[in-house]
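The same chain A turns up in both complexes below, where it pairs with chain B and then with chain C.
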Partner chain A sequence: MRIRTKGQGQELAMLLPALIFITALIVVPFLLSVWFSFTDQRLVPRPIPTKFIGATNYERMLVDPLFWQAIWNTVLFALIVTPVQLAMSLGAALILNSAIPFRGFFRSVAILPLLLPMTVIVSIWAVLFRIPSGPFNAVYQWFAGQGAYVDFLGNPSTAMLSVVALSAWATFPYQMLIYLAGLQDIPQDLYEASKLDGAKAWQRFRYVTWPGLRNVNIFLIIITTVGALKLFTQVDILTKGGPNGATTTIIHYLFKQGYATQKVGYASAVAVFFFLAVTAIALLQRRFLKNEGEA
Partner chain B sequence: MRIPRDAILPSLFALVLALGVLLPLLMMVTISLNPNEQDIMVSMGSIRSFIPQVFSLQNYIEVWTDPVHPFGRYLANTALITFSTLILSILFNSMAAFVLAQGTLAIRKPVMILILATLAVPGESLVLPQLMMAGWLGQIDSYQVQIVPGVANAMSIFLFYQFFSRLPKELIEAARIDGFSFFQIYRHVAMPLSKPVISAIAVLQFLEIWNAYLWPVMVTRGPEYRPLSVAMSAYFGTNQAAWGNIMAFAVSMAVPVILFFLILQRQFIASVMSSGVKG
Partner chain C sequence: MADVVFTAVQKRYGAVEIIPGLDLTIPDGSFTVLVGPSGCGKSTLLRMIAGLEEVSGGSIHIGGEDVTTRDPSQRGIAMVFQSYALYPHMSVADNIGFGLKLSDMPKAEIATRVQDAADTLQLTHLLDRKPKQLSGGQRQRVAIGRAIVRKPKVFLFDEPLSNLDAALRAQMRVELAELHSRIGATMVYVTHDQVEAMTMADRIVVLKDGHIEQAGAPMELYRKPATPFVAGFIGSPKMNFITGEEARKLGGDTVGIRPEHLRITADAQWQVTVRHVEHLGSETLIYVTSDSLGPLTIKTEGDIGIDPGQQVRVGYDSADLHRFKSGARAEVYT
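Now for the complex of A and B:
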């Protein structure tokens, strides 16, 4: 055992930096946010000392209509964007996996949105959404006639859908590449065999491709949903959570409460709730999707 | 070029896909090249906002020489923050992962459980306590405050761990018999073998840091330490009518990343693909 001591000292020296970082920047903040959530902690210290106030923050949170609106908006966004984006990604992957000419070129083009910073994408889409005569409205006027327009971002009933469209466009290439990897993992002889059996293209998709992507689908549904629940950048730049709270998401609400109005204690209660909700949703999805596949 | 019959429909779809991606980008470039804001507004939505009529760099010159929004400074800030985070993160996280995967320490198991537990914590739920801590330490508005949180990355440790634990035992054993110390095995055996996993982790983290927004918004106060993403949204917020300049800013910000990845395209695609699960 003595011989090992030097080696173990070296191991410890290699392990410690990352362990210190994880502890100081994840574990400690996590514990702090649980603690803050039971206090009236402010961002900038006040003369009156911070005190323990029990579950008051949670009680206040649960009766704030804007909190519930933020949850509803976030859930709505996740419920719409996940299937839309995954359908886009799978469609694009199927196209790029087929024997088309210039496949390399098309693939490079399709990954471009992933490389663009979200702030750049938001500014481009701000032009697309412009009223009264941005490109989308120009197309709308073709159908609805001169002078008609949709206030995509200013109207509460279209604002969230606009954010969905932007977000799906912005990040679909990531899921597309993972679908491509999944498609390439499906053994070719399965396709050969089903062709010999006279299966049509749709049947090959239904009975070979789709089951072959099962694990990829489970993985992507979970990460896309979890990613969607964190929606912040797009709405902060584009709509500031408006109009009328229509695009306020949980993270935007947390940011507003904790940073803009400096109520760290209250916002920490939101953060703890968010952590529990995301974990629960990811676990439920995993369990549900796995069982579904096996049944 | 002749297209086989059953590739006609997919080719058409591919064309639609490419147009769907390229048209907005074409519009960005077209508007950025037009120095006449009035004309931009008038032509917005017409075909003229997609096909450049003039090729003027005036918007670009205005963006690059704007004294209130020093573009060069923002770019340098972003590059410094991104590369420092990447280097430290890959170094520390791969070392720790190698200990966890191949070491002999008794605390490996509890540490591994801790890492797996922290994987579940969304970074967004930690920003407020992190901000408080940065304030206590007097680190608000600095480079460190934007670099250090990105180094603590449980996902990166986990991905390295998966790779290192699959290294053949005989290889490690042979190096040990040759008199390599544990660190030397990591440095001269494990790391040279892990180029694919290093590039995968680097690519994913690069995009994450280059795109970071919530955290830099909270911890930067002015142009001195501000990264491009925050600068872009500030610029966008204060120059709402100057679309030519906004688009020139957007192009200037997008081009370095796009070039960087087009050069490394094959590694990039392979990296993202390998970040998924295998079926």
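Now for the complex of A and C:
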């Protein structure tokens, strides 16, 4: 039996604007992508009509070595940047949550990177990475001697780490703010009770702070991972995916396929694959972390 | 077992002085209640005993040992918080045994002590549950269990019943009093509720603005309040105060008489008008007023037939009057 409540029409009317936006900007484009992924759609319309080609785009994608390299680079980036960024954020939040002098000032300074567009941050870091005499190399030469330098972005073994360092620094204040809110949500009484129980600073972190941040951690691990999987701007400006594909990420690969080579149908197949993969990862993380917390 | 001795204890936050200099001895094995209005410094005193607040001046001794600068865990005390402060991710058993685990006590002994505390507090069937799965009263028991297992010299209670409903509060008052008589440890209890103070304490310390207004046995404070503040704070309903010309006629600047010591009789001294009547079943509270006396409250036993607007006469025994001059007791009741 269907139950109709009195205010149902009004509720639907209030939801309608959001539903229209979500449908127009997310659902329809995604469904179009799914459709394009089974066609030979090009970016610029051609005289030959677009035709349905079945799973050909997916078959080509799965045998392309650059696609797999992009997958590996993306996963590697996410695996490194997520713990590094969360550790930095938590460390900064713990410091800014403690009774340090000028705490308000330091809190303001710490969120400055959030106010800068990523393109500006990347441009600044490009200067820092410059060879042979950028600021980072100046520090390196201080240890390694005059004339020595590291080609941070030109060397396949350091390029990804350079992108990781830049990315971790650029957005960690966002996670830090969420950690700060989480820390302030932990009742002070618990810290006092643990002091009476004889807990030292590390034990208070282990038994009060860390469990108290459980929900914050779940949220941050998921959004940081998903954000890391979408890495594009830093790579596109700094390395264009090089050297030798060492920093090509899945989004950068998708972008190149869609815009540089104009294969929108193929890029759509990559996008659909990426969407499903990210959704699966987020769901798995949620399930795994939830179970861990309940155990 | 231990007494707690404050010697010239001061507490300042910057330029603001919370406790100007306080001397107090809490006897060994006593159930001492620190009572007073918000901001009187009672919780600050308790937290200074616990070591959760630094002392700005003076010293605190527990069992003869100077603990003024010792870590909270090194003072031989246990504290029950108003919020219970149970670790939400730990089971009841882990909450109770946490302090013992941190002190590296063998697991078998922890298990024995936790079991003993659980038996005492009727928590045995709840040991595997998490705090969020417990009622307010059960959480309070767990918090008490966490204090008991450590076998402290002094128990500290910071308004532990404030979050409970009235019925549970009454039940827990009895349980705490029983617990005290069973283990006989020194207990220091902070509350703003004079009913809790009167029913549980063997000694009450009334605080106001960081200093002690009066300390003594509950009935001593009830019978011989040293100041109008204590007279008004101890007893429910609150003592009636008469000031001005009427007070001077009775021998004080301020004269107090408890609602239960006023009686309505035809030949009584004062004529008053009834404003409001509260029928509580076993007793009746009658709120009256007169031009010369101001508002008064009368408490009578049983349910008496009286209505607002009615004129009645109210009397008293002069032995029940509390006369105060210059803010201090002028005459001792005998």
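Rule of thumb we're sticking to: the second predicted complex is superposed on the first by the 276 of 295 C-alpha atoms of A that agree within 3 Å, B and C clash if a C-alpha of one lies under 4 Å from a C-alpha of the other, contacts with A are read in each partner's own complex, and residues count from 1 in each chain.
By definition in this document, contacts are C-beta pairs under 8 Å (C-beta built on N, C-alpha and C of every residue); 3 or more make two chains touch, one makes a residue touch a chain.
Predicted, not measured: the structure shown is a model, and the values here were computed from it.
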| item | value |
| --- | --- |
| Room on chain A for both chain B and chain C (clash or fit) | fit |
| Partner chain(s) touched by A:Val81 [first = chain B, second = chain C, both, neither] | neither |
| Contacts of A:Met61 with chain B and chain C, given as first, second, both or neither | neither |
| From chain A, separation angle of chain B and chain C (C-alpha centres, steps of 10 degrees) | 80 |
| Partner chain in contact with A:Ala193 - chain B first, chain C second, else both or neither | second |
| First, second, both or neither for A:Pro113, with chain B first and chain C second | first |
| Partner touching more residues of chain A, whether chain B or chain C | B |
| Touching partner for A:Ala269 - first (chain B), second (chain C), both, neither | neither |
| Chain B versus chain C as contact partner of A:Gln203, first or second or both or neither | second |
| Touching partner for A:Arg214 - first (chain B), second (chain C), both, neither | both |
| Which of chain B and chain C A:Ala246 touches, first, second, both or neither | neither |
| Smallest distance from any CA atom of chain C to any CA atom of chain B, in Å, after fitting | 11 |
| Common interface positions of chain A, toward chain B and toward chain C | 212, 214 |
| Chain C-touching residues of chain A, taken from the complex the two chains share | 187, 189-190, 192-199, 203, 207-208, 211-212, 214, 293 |
| List of chain C residues in touch with chain A within their complex | 50-52, 71-73, 77-79, 81-83, 85-90, 98-99, 102-103, 146 |
| Complex contacts: residues of chain B adjacent to chain A | 1, 3-4, 6-7, 10-11, 13-14, 17-18, 20-22, 24-25, 27-28, 31, 44-46, 49, 92-93, 95-100, 103-105, 107, 111, 114-115, 118, 120-122, 124-133, 135, 148-149, 151-152, 154, 157, 181-183, 186, 207, 210-211, 213-214, 217-218, 228-230, 232-233, 236-237, 243, 246-247, 249-250, 253-254, 257-258, 261-262, 265, 268-269, 272-279 |
| For the chain A and chain B complex, residues of the former touching the latter | 4, 7-8, 10-12, 14-15, 17-19, 21-22, 24-30, 32-33, 36, 41, 43, 91-92, 94-96, 98-103, 106-120, 122-128, 130, 133-135, 137-138, 169, 174, 177-178, 180-182, 185-186, 212-216, 219-220, 226, 229-230, 232-233, 236-237, 251, 254-255, 258-259, 264, 267-268, 271-272, 274-275, 278-279, 282 |
